[in-house]
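Order of writing sets the labels: A, B and C. Residues in every chain begin at 1.
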Amino acid sequence: MEKLQYKLENFEGPLDLLLTLVAKNKIDIYDIPIAELLEQYMEQIDLMREADLDVASEFLEMAARLVYIKTASLLPRQEDEEDPRMELTGLLLEYQQCKAAAEKLKTLAAFNTVTRPAEELPADFIYKRIHDPRELRQALRAAWGKGKSLMPPKPESFSALVSARIVSVASQTVYVLRTLWKRGSIAYRALFAGKDERSARVAVFLALLELVKNRRVRVEGDGDLCEVKLMGREKA
Amino acid sequence: MSIEELTGQAEAILFASGEPVALDRIAQVLGVRTAAAEKMVSALQDKYNTPESGVHLLMLGDSAQFCTNPAFIEPVRAALDLKRNTPLSQAAMEVLAVVAYNQPVTKAFVEQVRGVDCSGVVGSLVQKGLLEERGRLELPGRPLLYGTTENFLRCFQLESIDRLPPPPGEGEQQEQEEDSDDGEDDGPEQITLDV
Amino acid sequence: MSIEELTGQAEAILFASGEPVALDRIAQVLGVRTAAAEKMVSALQDKYNTPESGVHLLMLGDSAQFCTNPAFIEPVRAALDLKRNTPLSQAAMEVLAVVAYNQPVTKAFVEQVRGVDCSGVVGSLVQKGLLEERGRLELPGRPLLYGTTENFLRCFQLESIDRLPPPPGEGEQQEQEEDSDDGEDDGPEQITLDV
């Protein structure tokens, strides 16, 4: 038999290699000389190993299968028993058809048209389903009270445990504005006079920031000269 | 090459690109002057820009772009499933209910009632046209207020917001299990939260 | 609504979608029978599918899709900086062939025919939009089934999957040995298959 010059990676798999051997040796696929085929197949595998190439497990599996078929065909067979080579014949025929079909497809492949990306249209989000109004009542009932168990406890709920009073920013906003309405302006430090608790001082400071942001008051100067003025009502 | 064929090539290029294509670019690829590309595009505009055409060719500065005839946007949206009409989630329904019965309310109020962050849900209800902003609360941070929309009334088959079914809790005793007849409109009372 | 306007709407839908759109879908959105949608698409095909037109309208199975005129592929590639489609590998062709002729099939079936693992190839064909999942087989392990896509039909110039050439083995005798044309650069003509 003729030596093959192919490399294993040129084959799509063991069936491809077997088909090549079959074609090369003009083997009748319906009457495979299994011993010869096995010998050639193993030669290819050995060549690969000599070349230090990884032989894919599928090739080794097929080798085992060929050995099995060879052994089985040496044993005497009952008349109604199938020739163990027939399964291999079936596999090879099927793969042969697959290759032929691939060749046919290749002649059709064109890849000569380009399609268009979908147009990006703004979606219409407006909700249009119709509901029973009673669903709202049910939903409200479901929502109700969920909060009490899930929300972090409000600061007030600690008031009994914590001696420090919590001073709200809102109350200090009122304090700052009231002071300024009376006096027009006040020294920054004076604003904190009498605010002994830290909570109160923080609240005054936050209230001041808020008022500055909303352009209700202005802070001028720095250090000890820093002054807070009510806007739109400045004195000369 | 014939002018028809060149125009067809320009058409193919414009079609395949989803984005505007500069006339310069068309001219360069087809090996013609920009003026010629301009003429081709203008011929294509004559061909496409009719009232019955599904596709129009727009000039945007020195670029051209195919787009859908705006007159046909609705069937296109329907076909492309751009109508986001998945039913409301339970979370969305609850937020909607809390707002509907207490409007105008801040997001913080809704979150306090439900005990979970609602930013995403509120945003999507606004996008769906079920909630709308209603100014700000004059408190530090000036939080946004939300209320329900006309579209909300339509979706819940309400003539006006006064026609909301009575809230649970009040008049619960008269209320038989399921027959909450909608006629009983004892109205718009606000639920007061005891927190 | 006039038939011209409806046809314009169908045109707009096909254009905006980019993807193949089922005739059923068009009919449903426009509120007409599928036969009417078919007529409209056929009228659009008459309008578009001329040798000088830059845009062609293809039927792919029961769907229609706009694409560029194959004759103008070169300028389109140049303008859009598209690389030539790398031709499919032998392995990919074989997997496509097995699926195309036997669909829907499992990967295991393909592997049995080819005698090698095909996961990578199948995955990349799905990614290329040539194969798609088609549900699962009700067998232990519920393996995925695969079939070819409308994109496959377009790339292989088939109007529908029925137009695949007869499988090898059947009707082998009518088949001439000759044609070694690779289909790739033999120009604009759509290959028509006589089946």
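Rule of thumb we're sticking to: a residue touches a chain if its C-beta (ideal position, glycine included) is under 8 Å from a C-beta of that chain, and two chains touch if they have at least 3 such contacts.
Predicted, not measured: the structure shown is a model, and the values here were computed from it.
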item: Per Cα centroids, the chain farthest from chain B; value: C
item: Closest chain to global C-alpha mean, per-chain Cα centroids; value: A
item: Length of the line joining the C-alpha centres of chain A and chain B, rounded to whole Å; value: 27
item: Chain centre separation in whole Å, for chain C relative to chain B (CA means); value: 34
item: Chain B, residues touching no fewer than two other chains; value: 12, 15-16, 18, 68, 76, 80
item: For chain A, residues that touch 2 or more chains besides their own; value: 114-119, 121
item: In the complex, chain A residues that touch chain B; value: 114-144, 146-151, 154, 169-170, 173, 206-207, 210, 214
item: Contacting residues of chain C [partner chain B, same complex]; value: 2, 4-5, 7-18, 21, 25-26, 29-30, 52-55, 66, 68-69, 71-72, 75-76, 78-80
item: Complex interface listing, chain A residues touching chain C; value: 12-16, 56, 58, 62, 91, 94-95, 97-102, 104-119, 121
item: Residues on chain B engaged by chain A in the complex (per definition of touch); value: 12, 15-16, 18, 67-68, 73, 76-77, 80, 82-85, 87-88, 90, 93-98, 100-101, 111-116, 127-130, 139-142, 151, 155-158, 163-169, 180, 182, 191, 195
